[in-house]
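Just passing along the structure, written as structure tokens.
Lettered A, B, C, D, E and F in written order, each chain numbered from 1.
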Amino acid sequence: MQLTVDYVTIERGGRLVIDSLSFRAKAGVALVITGPNGIGKSTLLRAIAGLVHVASGTLRLDGGEPERTLPESCHYFGHLDGLKSALSVQENVAFWQAFYGATAGQASVLDALNQVSLDHLADLPAAYLSAGQRRRLSLARLLVSHRPVWLLDEPTSALDAASEARLVDLVNAHLAQGGLVIAATHAPLAFHTLETLDLSNRVSA
Amino acid sequence: MNVLDLGAHAGFIIASYAIFVLVVAGLIAWIWLDGIAQRRALAALEARGIRRRSDVTTSEPVAKIEPGDVRGVR
Amino acid sequence: MKPLIALFAREWRLSIRVGGGALMGALFFLIVVTVIPFGVGPDLALLARIGPAILWIGALLSTLLTLDRLFQGDRDDGALDLLLMGDTALELVVFIKCLAHWSATGLPLVIVAPCLALFMNMDPQAILATVLTLLVGTPALTFLGSIGAALTVSLRRGGVLSAILILPLTIPVLIFGVSAASSLLSGPAGFMTPFLILCGLALFSLVVGSVASAQALRLAAE
Amino acid sequence: MALVDFANPTRFVALTARVTPWLIALTIALFAVGLYGTALAPDDYQQGATVKIMFIHVPCAWLSMFVYATMAISSLGTLVWRHPLADVAARAGAPLGAAFTFVCLATGSLWGKPMWGTYWVWDARLTSELVLLIMYLGLIALWQTIEDPLKAARAVAVLTLVGVINLPIIKFSVDWWNTLHQPAAVFRMDGPTIDPSMLWPLLVMALAATCLFLTLHLLAMRNEILRRRVRTLRLMEAARPGVGSERSA
Amino acid sequence: MKPLIALFAREWRLSIRVGGGALMGALFFLIVVTVIPFGVGPDLALLARIGPAILWIGALLSTLLTLDRLFQGDRDDGALDLLLMGDTALELVVFIKCLAHWSATGLPLVIVAPCLALFMNMDPQAILATVLTLLVGTPALTFLGSIGAALTVSLRRGGVLSAILILPLTIPVLIFGVSAASSLLSGPAGFMTPFLILCGLALFSLVVGSVASAQALRLAAE
Amino acid sequence: MQLTVDYVTIERGGRLVIDSLSFRAKAGVALVITGPNGIGKSTLLRAIAGLVHVASGTLRLDGGEPERTLPESCHYFGHLDGLKSALSVQENVAFWQAFYGATAGQASVLDALNQVSLDHLADLPAAYLSAGQRRRLSLARLLVSHRPVWLLDEPTSALDAASEARLVDLVNAHLAQGGLVIAATHAPLAFHTLETLDLSNRVSA
């Protein structure tokens, strides 16, 4: 499986943010995107997820399920958590499992909560969680439904050391299963195999 | 026949034509002033050396920096 | 099917737990219906005559009041992005959200309408007709209103703006709803024609509302 | 000049510069002829001299709907082809359409007082025309609240298309509901029922008003293109790396 | 003084830029008033009679539509915490916020009311009375409504509670406003009594609104 | 100047989060609070800022301006930015300067924007900023109005390396001027002088 990004140009609010960028991301190797604030890391991830319009260029996933579009093959883990404070921890995850379609062989809701060490809080309203706990709850969404491409935008923000190690383990496991991971980050991450794409070397604008 | 004999309701007729003229005059004035304002803003920006990318790459060589052009300096 | 059921259940739960929406709409409805008689004065024949219109106007205004949060919450917490990335067509998502919203806020309104109609001295036939038209018409209002909610989702506090955008679109629904509700007195024929048109409008707005809102939400995701 | 050239904003600005003088001349000439015919036209046997209001009222009424239809077609261009000129056309049209709608309403009211004895009745055609004005104002408002013109254009396009439903309501309101207002007299299946001595000045005035609209529209579109250019340049200026900024870090 | 002026300017700017400000409020009001004849029918005498009630309901609705985000936005983006930590008494902050909100949304409404009254065929005296009552009454609606807005912010599931608490509070204002506005015909005495009560209610709600909202917001900070 | 926290107990959502905690924070020394997610770091900072009710115990600032309460002496820099998207970058900072009262000798708005490298974006709406830029804009608030106590909740999240260094410089400068800094963080921070309070050693929950 390979994600091919060819000559992609993105404008936001009338300004050119990404100018004719090309790269490939391969299954089994994490692609880490780095660069200073405001260079366009989040924009790039959102474009892959289909959430930002691409002015020109192509995005293509080869070797995935042919009937699914690229955004439908992606899990997006961004700055916003997509959690509902009024629902319990468990209800939050269960909804995304049902909505994205539970895949055979994926973790059950309680399994996933266990993997992000939130099982003891399963029945608490999500409003009661601390910053890092919210982040982990949002991460559980990636575990209950299989999608080959993971787009992680500063995944370790607000996480403590133990949770960060857990996250790295989860990503490594996903890579080992042939998944594709693209992560934007400022902190060095200890993925087993990784390539780095430094946006600041490319864009001059 | 006197063409300007408008009968008992002259006021209404004149008012109708006046409204039309006023509204159209307003539109013309707005478009006129707006055009002037935009062109002035554009000229001011160009005077400060801000140009569109396409202008820079296609219509003039990048190396040609005119005197007083402060591009890249703040 | 399962994603849609899950979505419906979530929306329903949220509007029950957080809501206020449902009750707010119903209370506002009550207020509109009780205040008009103050303005009109205690002329019972007149009240009975304009009764259906007042119920309809109350329903329209209280739908507006609750609608503007339909997509706002999901946008603010990022859930909208995730909904967009699902395999489910966005049109269906919008449809289900509107349906859940209607059953939590529109339906209660239809249910309390007969009691209020009694206050207005309306006779049983007219009450039946009004409730029927409201039952068919309030979903149309919700779906048309969802377009305004979707268009203003990227602006916080879209309240008034979305109302401005939507009210002109809802006027045909209002016209046929009221004329069906108040024309029963002149015989069943006077009722059926506008009622059928109302049904047509309702079906039409189910489709147009879902499609246009989905389109507007896609644009808002940027 | 190929259509492709016409679709390029820069070329479009150049084109307007060449076309507008001709359009202005044509508009003035048509108005001269039309007003001459208006002055000559006989008084109506029922309405007296007030029928002269028709020569303003009816062209503006037609234009109010025509402009909306133009905006709706432009909106298709925005949504389907994402064409920047389509946005510009729709945006420049809205204030013009609102103005014509306003004139139609105002002259109609002024005509109504001598004819019906009141300035305003809540009749289907009158109200639907008022609703059209409200829709124009709503579109303008939506445009002004969304800061990013591309986003705004698409949002407004969706709404414009949904609002097209109001056009047939205005047009056929006189047939569907029995109202005080005149039924169609010019555009009907069985030919115009209006006297030729009034018909030709009316048609010339309508043509003149249409030319006026085209002229103003072209100029407003040019202004809008310039406005966007200014905005882009301002943003570019704002985003230029300053001394010690992140980009140089 | 300077913090308060800065706060007023900020709120004003925000409501102009995001909400569309004066134009929107007025336009919305226009639409509400346009919708009514559709329902009630084109009977001019009837319209003149229910005119004051309709204008008041329009004012209530547009206040409610814009008000619920009065504090919500500041809470969602954390600005509320920072406002709480200022040296300025929270009651004053609330007062200024409500004032800015009223002058951006309530005042334009009062200003356009006479034009709309003309549409409804109301006579000059009734118009004057309605505008006067609206001028006194809309601030009361805003300040009372702010309590609901503050409660919604503080109780995460408070929507229901705030609706239950607030709408009933606005009913007296609405009733005295409408009866003052529509009773001018029966002589100045019929106007003065409800009008004075309305003024009393308005003063009362300025104080109660600021204090109660501030208290509710303090609880919200948790 | 010294902040004294004595036997403070805090409950949230009916659960005991902080149980009879005591410590002192001294001017000129940064106090860094660490501990795993959900241990109560943010809760503690919010309690000092007066934003969370303290069930029992006392919080006292000695040596500050006597007529100001503790919350009025604090700058709180938390997860939420308090920015208005519709206002420009400059207007956002200018409001907080006016609201908190401009102190003589503090940075002007443009100075502050310069210090967080946002001066070139001064007239852009805040909606256009990237995650890190928003964070820095929020930081500018601390520079335009003087308050002796800075409460920083995960201050470096979303910041790139250069901005993080800039933040550390700003904090060091504040400490050097006799300010008091309490920071909750998961990442090690290079403040000149610092003490660490590890909450996980105290609380078992």
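A few comments on the model shown:
The rule is short, and it goes like this: a contact is a pair of C-beta atoms (placed from the backbone, for glycine too) under 8 Å apart; a residue touches a chain by one contact, two chains touch by 3 or more.
Computed from a prediction, not measured in an experiment: that's the story for all the values here.
The chains in contact with subunit A as well as with subunit E are C, D, F. Shared contact partners of subunit B and subunit F are D.
Hopping across touching chains, the smallest step count from subunit B to subunit C is 2.
Where subunit C touches subunit E, over half of the residue numbers in use are shared by the two copies, so each contributes mostly the same positions.
Per-pair counts of C-beta contacts peak for the chains C-E. For this pair, subunit A with subunit C, the centres built from the Cα atoms lie 37 Å apart. Subunit C and subunit D have CA centres that are 32 Å apart. Shown for subunit E are the residues that touch two or more other chains, namely 17-20, 24, 27, 31, 34, 38, 41, 73, 76, 156-157.
Shared interface positions of subunit F, i.e. residues touching 2 or more other chains, are given as 12, 79, 120, 127, 160, 162-163.
Looking at subunit B, residues 74 sit in touch with two or more other chains.
On the subunit A side of its complex with subunit C, the touching residues are 12, 46, 49-53, 68, 71-72, 74, 76, 78-84, 86-87, 91, 94-96, 98-101, 141. Contacts from subunit D toward subunit E in the complex involve residues 118, 120-123, 127, 130-131, 134, 137-138, 141, 144-145.
On subunit C, the positions that touch subunit D within their shared complex are 147, 151-152, 154-155, 161, 164-165, 167-169, 171-172, 208, 212, 215-216, 219-220, 222. Considering their complex, residues 114, 117, 119-125, 127, 160, 162-163 of subunit F touch subunit D. Within the complex formed with subunit F, the residues of subunit A that make contact are 12-13, 15, 35-38, 42, 79, 124, 127-133, 136, 154, 157-164, 186-187.
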